[in-house]
Amino acid sequence: ACSNGDTNNSTASSGGTAATVLNVGMPNGPQTENHNPFLGSSSGASLGYRWMIYEPLVMINGIKPQEPGKPWLATEWKWADNFTKLSLTIRDGVTFSDGKPMTAADVAYSFQLRKDNEGLNQDAIPYGTITQSGNKVDLTFTRSQFVNQNKILAVFVVPKHQWSTFKDPNQDTVKQPIGTGPYKLKSFTPQSTTLELRGEYWQELPKVKELRYTSYNDNNAQTTALANGASEWSFVFVPNVKTVFQNKDPENHKVWAPANLGIHGLWINTTRKPFDNPALRRAMDKVINRDDIFQQAEAGYFYPKIESVTGIPTPAGESFIAPEFKDKLHAVDVDGAKAELAAAGFKLEGDTLKDPSGKPVTITLTDPAGWSDYITSLEIIKDNLSTIGIKASIDKANQDAWFKAFDEGDFDAGMHWTNGGATPYDIYQNIMDGKILKPVGKGGVSGNYGRFNSPEATKALDQYANATDDAARTAALNTLQKIMVEQMPIVPTGASNIGALYSTKNWVGWPDEQNQYAPAQPTQQNALQIVLSLKPAGA
Amino acid sequence: MKFLLQRIAFYLFTAWAAITINFFIPRLIPGDPVTSLINKFQGQMSTEAIDSLYVLFGLDKDASVWSQYVDYWGQVFRGDLGLSFTFFPTPVSDILGQSLPWTIALVGITTFASFVIGTGLGVLAGWRRGSWLDGLLPVTTFLSSIPYFWLGLIAITLLAGQGSFFPSSGGYEPGLVPSWNSEFIGSAVQHSLLPAVTILISSVSGWILSMRNMMVTVASEDYITVAHAKGLSERRVMVSYAARNALLPNVSGFALSLGFIVGGTLLVEIVFSYPGIGYNLFQAVGAKDYPLMQGVFLVITISVLVANLIADIAYLLLDPRTRKEG
Amino acid sequence: MTATQAAPTTGDVVLEAENLTKHFPVRRGLRDLFTRERKAVHAVDDIQLTLRRGRVTALVGESGSGKSTVARLMAQLYTRTSGDIRLHGESVTVHGGRKFRAYCRQVQMIFQDPFASLNPVHTVRYHLTRALKIHGRAGTNSAELEQNLRDLLLRVQLTPPERYLDKFPHELSGGQRQRVSIARALGADPKALLADEPVSMLDVSIRLGVLNLLRDLKERLDLAILYITHDIASARYFADETLVMYAGRMVEGGDSETVTQHPAHPYTRLLIESAPDPDRLDRVGDPKDAPADEGGGEPPSLIAPPTGCRFHPRCVHAMPKCSTEHPPRFELPLVDSGQAHWAACWLYEEGAAK
Amino acid sequence: MSAPATTITAVTPEGPEVEAAPAKRQRLRFVANPKATTGLVVLALFCLIAVIGPWIAPYDPSARSSDLLQPPSAQHWFGTTHLGQDIFSQVLVGTRGVMFVGLLAGIVATALSVLIGVSSGFLGGAADEALSALSNVFLVIPALPLIIIVASTIPGAGDLMIALVIGLTSWAWGARVLRAQTLSLRRRDYVEAARATGESTWRIITVEILPNLTAIIASGFVGTVIFAVMSEITLAFIGISTISEWNWGTILFWAQSQQALAQGAWWWFVPAGLAIAVLGTALSLVNFGIDEFVSPRLRSSGHTRVKTKDGRTVRMKVGFTPVLTTHDKTAPVTPVVRVDEAKGTV
Amino acid sequence: MPKEPVLEIRNFNVDYGLGDQAVRAIRDVTLTLHRGEVLGLAGESGSGKSTLAYGVTRLLPPPGVISGGSVIYHPPGDQPYDVMALSPAELRKFRWAETSIVFQGAMNSLNPVHKVSTQMLDVIRAHEPQLSGPARVARAQEMLKLVGISADRMDAYPHQLSGGMRQRVMIGMALVLEPQIVIMDEPTTALDVVMQRQILAQLVELRERLGFSVLFITHDLSLLVEFSDRIAIMYGGRIVEQARSADLYKDSLHPYSEGLLKSFPALRGPRRELSGIPGSPPDLRGMPTGCSFHPRCPHAFDRCSTDIPVLGVPEARNDPNRSVACWLPGRVPVA
């Protein structure tokens, strides 16, 4: 009884034969058996294997959301009436893993399920009618779904014959998951879940015969597993990733962390004096060293640095950037910041900045104690702000207290994220939307924590969401970018990433900088696409 | 008999108090599970998704605390501990059922081993005062003053490197399915060695010390001198007279210290990524998953209570003086 | 309120107990909840006791017969179950507070064990100062206090006082400690002193010193002393009057010399027979030596004491009546000293000793 | 954890001879105990650092520098963090938080245990039943999980809060020990004697009983401090408490979240851990000292080996008294009457 | 009774501690116990009585050490040997089979967690392993019956017995191997007089039957006078007087013995003058020079404070059965 995890895969490939198993890891702790694909709390979601069983109608590339999706279970789709109507053509010849064919009825049922169960309708899509005829499914929506179009197309399909028997689909753990994907469940333990290849699949069968998902208790354990090769694919924050991971096997250990359209930055409470002054916020932006944050706080890969002054991550959002900001990249410019401040009436006396009323400018930066990358970022920001005489202090709050403070607008500034989506709309909406603005002290907001009040921005957001043509949308987005650059309601630092750490020792064909066919994160829908593209190394 | 009845009354009361505390603690917690999930999915969860979670978890309903309390008792009696939020909708009892054996196997066995080894060494150290065993004391004291987690992490770094015999995490080989075959059990044992040794090192000193002190105290009792005077063999005097009597206070100490040990477990499980109940608690606290938190806390408390009951009974059997009739 | 008293003379009653009874409730188990009756240790039953000025009354009896309980009842440290305690003829029941202090001032107690009755963390000075302060006898300034402390130590023959004032109890010998305890009791300037086995923990050669001291105090200060002991010989030596207790009841009483030389009650006889006596001609173990009254057996349970005379299960003279009826006090004919003498035994029902 | 183990011995009833043992000389003897002295010296050192740490720290513990993750060197004795912060300064500055929480929690828990234990032991009856039921419940409920849960519920819990939480949850053991001891003291003659002298109940508790509990209270205090320090560090380490100031747990938290050991940055991880271990050992040593002070039997007398006149070594051991003279089984019988030379003048 | 020695204690010295801090608790004690006799050892608290008893059997707790002297044991019909020279294994064999001890507190002498029978059988098993189980039980039962404890109490735990019964169990246990010597260190002080007499009576009876010798230690001189054949008086770690009990009672030679006798009130007879002994017992660390009793002695003269008196047969009473250590005229040993 002396089997050793580290040599697990090499035994499979030792005899010169190619690998058959792919070891995927996530740092999410012991799991309980729950294969319900709707539930973020399920082991399927937590480890990502739900996407190996349940497939979407259309495969959208998460890092290139503006590209048209790849037909998957739907062969064709058509939006009409300013994105309030969608007609889908469903692929023929697809079978579920229990052998039953997948039909348009299953697709319609999958939508109906979401419409009927608020808990399962995670994106709150305002479904209207859902009709099905032949291999066609038609949907209507009560509002324009331009901004949600990808979310609707990426909906996965569940078998009606199984799900209609569930008493409460919200709470079923779906012990026998049945889907159209190429894998089926082999075994489940709290530590690991194993999937095996199905006999038949509507596409060419993947080369990976068995997928082994292991759940490590924490980042440390996951990192160790990655470093020693027990884990071949994972998404985890690894400090000093070069030393800890890559250098362990420079040939094969790879990190690729492409950005998506969601960002992280320093949110500033725009109601507090003197931070209600955009000049001050712009000056702060000018001195905050995004590169240091990227390198030191995010280990050089985790939240890719945002280069553009508009806060739109590149390359994912490259195409959205307004012409006037196309080449404007952020750079630390202390003198520029000082000039800006001087123009706005601030005075730098010694190393203390005084606001126009003569009061020294101080700021408290706050984030939960446990979030080491954010706290590290704050340490850096604190240091940066001191170059223009702002005295910052860092408050490592209790997580709940911090949530409450942000919710009620009771903070000076702190690192926080924005929503993400197919377009930069989600980012800006989250930062500037006047419709979700609540006064300081009142909670329940789900965005605009900085209480940024700009009717102009609100109008532009509204226009973007409901515009009927691309030109109007572009115009609205350009307006938003301009507001962002001029007002700086938040100081962007890094983009969210949907990347991964992986090893090419046994498997090749991973997405990377050169071949960006999918985001690399194993818990994303696109993971299936990756698995389908993997080939044994050396084969 | 009376002693036992008193103890049972005490256990019932304590169980009630613990279960009640258990009910109130989560309700005093300001955060809620959804915000914690948001944290977990930093930035990857839309605002709309958050609202749907509230509905999903049934947090949009309001009920009076009293009716919740009554419901809660009903649930406790039915063995229904509710559904976990972190692993929604898995029942808490399933999660606990899955992790409890690990904790019991690791901590239970190690604690017992530590008790036995520590007591044994303590007996010798107390009996042969001034021998080399006394030199052991400062060393074990130092070792037990090291925080569990620190010792564990150092052990992992030094001993569980690449290609080492000791795995650095988990309860068994990933990919194995728990079952009663030699491969699995071997793997489980192999995975438990390092954490077990860590626990042993940090907890054994307490037993050595208290046993030694008790031995020293007992060794000067008259009946020990009489035992010597009777010309019994040294071993018999040490075991049957001195150690047997010195053990008594340690038995109750053993039960009471379980609470501390369970606390320590949590750290060992965190550090060694061991799939036990302590780690569940850690997860539950992080995720504000109060059904799970309640469940874990309940299980811990009840098991400490049960251990106490067992220790009481053991004490009853070991010490005839408490067995008074009437 | 207080009856005006003429200058007290020797023989005045200071403290009296009448029908004094103390039952300690036995802790009830769950099982007992269902039974009506409450169990209790009948530690002291129906005791009559009179302490007179300038006289020593000895209370003897085997271990566990309730002697200490009597003393503590008299000191109001226990609440009595029934009966009456009268100080200078007035019935007193106090539990604490001011009234208790007032009572303490008159009635003081000395404990059996001099090693345990002084707090090891306080000096002699502290113990005595407290006793004086509580009873308002510390004087108005420190010089007076010092003088009073010295007086107190001198009175118990701890000379020179300076040598003892600042010592801790562990630095004193047993006899010295017991003297300090006595000094503390005297600090209140009491009228009655309850000495609960004041010498049984002391070494033979020291015992005598303490007993002589008590006798001396009795004579000089006209104290009424209750001397509790299980050493009947010392009662003879030291006390004017001796009372014998058995299993919570008084069985015999009278002038010490009479009681020890002419014991009446079978228990007293057994007690006296059993006491070691170097003058006895024959040695222990000789068959003829076996005490005539030896009934064998053990002291009775006080939770369910024997009915009738409590001694009857061990008594060789037991009659049927003994096991059913409790014997009252029977006055005995005066022997030689002309002092009163009584026994609670049916043997003396007709008023004639056998 | 050593807290329970060392206090167990305190429960064992001491014979009267211990009670009556020298008090004044004992006080000196406590300091003369080498274990206690070592413990006290180390403890004093930590206290000193707690006070002056921030002033003697060579750097601002939070200040970044360009020396990222440097191993120990002349500039940075304990090396630097991923942000270039000086770890030596962090350890120095962090001592204050540790000592503060440890001592405050110890004081709170000790005060509670004295209050509850002594009154429960002294009052008896229903009050005793209720109070001891309460402490039994707290005893059975595992402390660390409780502390973790409670600490995680308090928003913005700073050092003060953490200390209070630990203090409020860890008094039960001390209360139990003190209750048992008070119960036995209450029956002591000197307490009865004080009552018979006319002392008030309040004075009996504070002046007659409490001083006799000093050693047990002190040992309970030390035990709680150990436990509090460990708990505090644990809370910081697992990221539950919100420590805005530096302490050793925070250092370890950072080291762990930056996977210092995986990065090979042992210097980040080792000093704080060793500091905890040394502090814990020092406290345990003080506790040993107290234990031995209370129960002289535990004192391991220096010489257990005896040299006889002819150079043999004999072990002193229970049951076999060593004989220092040499023996010859056939030695002639010595005369009965013999004048003893200078022996009387010892 | 033939004057055959069974235990000879010669120039016996016991120290507590080593080197300079040593407390000399027994100084040069020489004492002979004859076969079949009861030898009483009296003296006030701290005079070293228990130390002597423990020392002879080598049961002194640390830091006690035997710093000199020998204890010659005369087995019946065998060569005498020195107990001090025995190896631990030999000593273990010697103990209880030849010399047994009854200590003061029976509750403390019996292990509270073992049944009376277990503790009794333990001894038999250790010393007579060849005996079969039932035979052992029979022996134990017989012995308990002798001390007046019925066989059904065999399986009782010590706490279930009364003080007197426990003490009897201890005496029974002491006699179970029929040893030559029984050492009793204040075996009855914790009992009341009635029980004390019962137990002593039993002991005397047993001695007649079994013929062992008793070393009886107490500070109750009046008890000793009545109970023992000979009495030795200890003071400050030395034997100061030795005599037949009647002689000692009627005609004590040492002023300390005299003082002791005058400390007990008599129960019968005329009320004697009780003078007691002035002063307090000596501190072993700072023994007075010369005769250690001289500071308390009413008859002390110059020589007493300089020279240590030697124990020997006094000139005035040339009786080989008595000896005294005193410089008073007529009491100095015959040359």
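Annotations
Letters A, B, C, D and E name the chains as they come in the text, with residue numbers starting at 1 for each one.
Convention: a contact is a pair of C-beta atoms (placed from the backbone, for glycine too) under 8 Å apart; a residue touches a chain by one contact, two chains touch by 3 or more.
As the structure is a computational prediction, the values presented were derived from the model and not from experiment.
Minimum number of contact steps separating chain D from chain E: 1. Any chain that touches chain B and also touches chain C is listed here: D, E.
Set against one another, C-D and C-E show the most C-beta pairs in contact at C-E. Distance from the centre of chain C peaks at A, each centre being the average of the chain's Cα atoms.
Chain A and chain D, compared by their mean Cα positions, are separated by 50 Å.
In terms of their C-alpha centroids, the spacing between chain B and chain E amounts to 54 Å. One finds 92 Å separating the Cα centroids of chain A and chain E. In terms of their C-alpha centroids, the spacing between chain A and chain B amounts to 39 Å.
Shared interface positions of chain B, defined as residues touching 2 or more other chains, are 29-30, 220, 225, 228, 234, 270.
Of all residues in chain E, those touching 2 or more other chains are 54, 59, 61, 88, 91, listed in ascending order. Residues of chain B touching chain A in their complex: 29-31, 35-39, 41-53, 55-56, 83-90, 94-95, 98-99, 162-163, 167-178, 182-187, 189-190, 269-270, 273-275, 279-280, 283, 288. Within the complex formed with chain C, the residues of chain D that make contact are 16, 19-24, 188-190, 192-201, 207-208, 211-212. Residues 44-45, 162, 164, 192-194, 196-198, 200-201, 203-205, 207-208, 219-223, 225-227, 249, 259-260, 263-269, 271, 274-277, 280-281 of chain E touch chain C in their complex. For chain D in complex with chain B, the touching residues are 1-6, 8-9, 11-12, 133, 136-137, 139-146, 148-150, 152-153, 155, 173, 226, 230, 233-234, 237-238, 240, 252, 256, 261-262, 266, 269-270, 273, 276-281, 283-285, 288, 291, 295, 297-298, 300-301, 304-305, 315-320.
Those residues of chain A that touch chain B in the complex are listed here as 1-6, 8, 23, 29-34, 36, 39-43, 118-124, 170-173, 187, 189-192, 194, 212, 214, 216-218, 221, 224-225, 227-228, 230, 262, 264, 368, 399-401, 403-404, 417-421, 426, 430, 446-447, 496.
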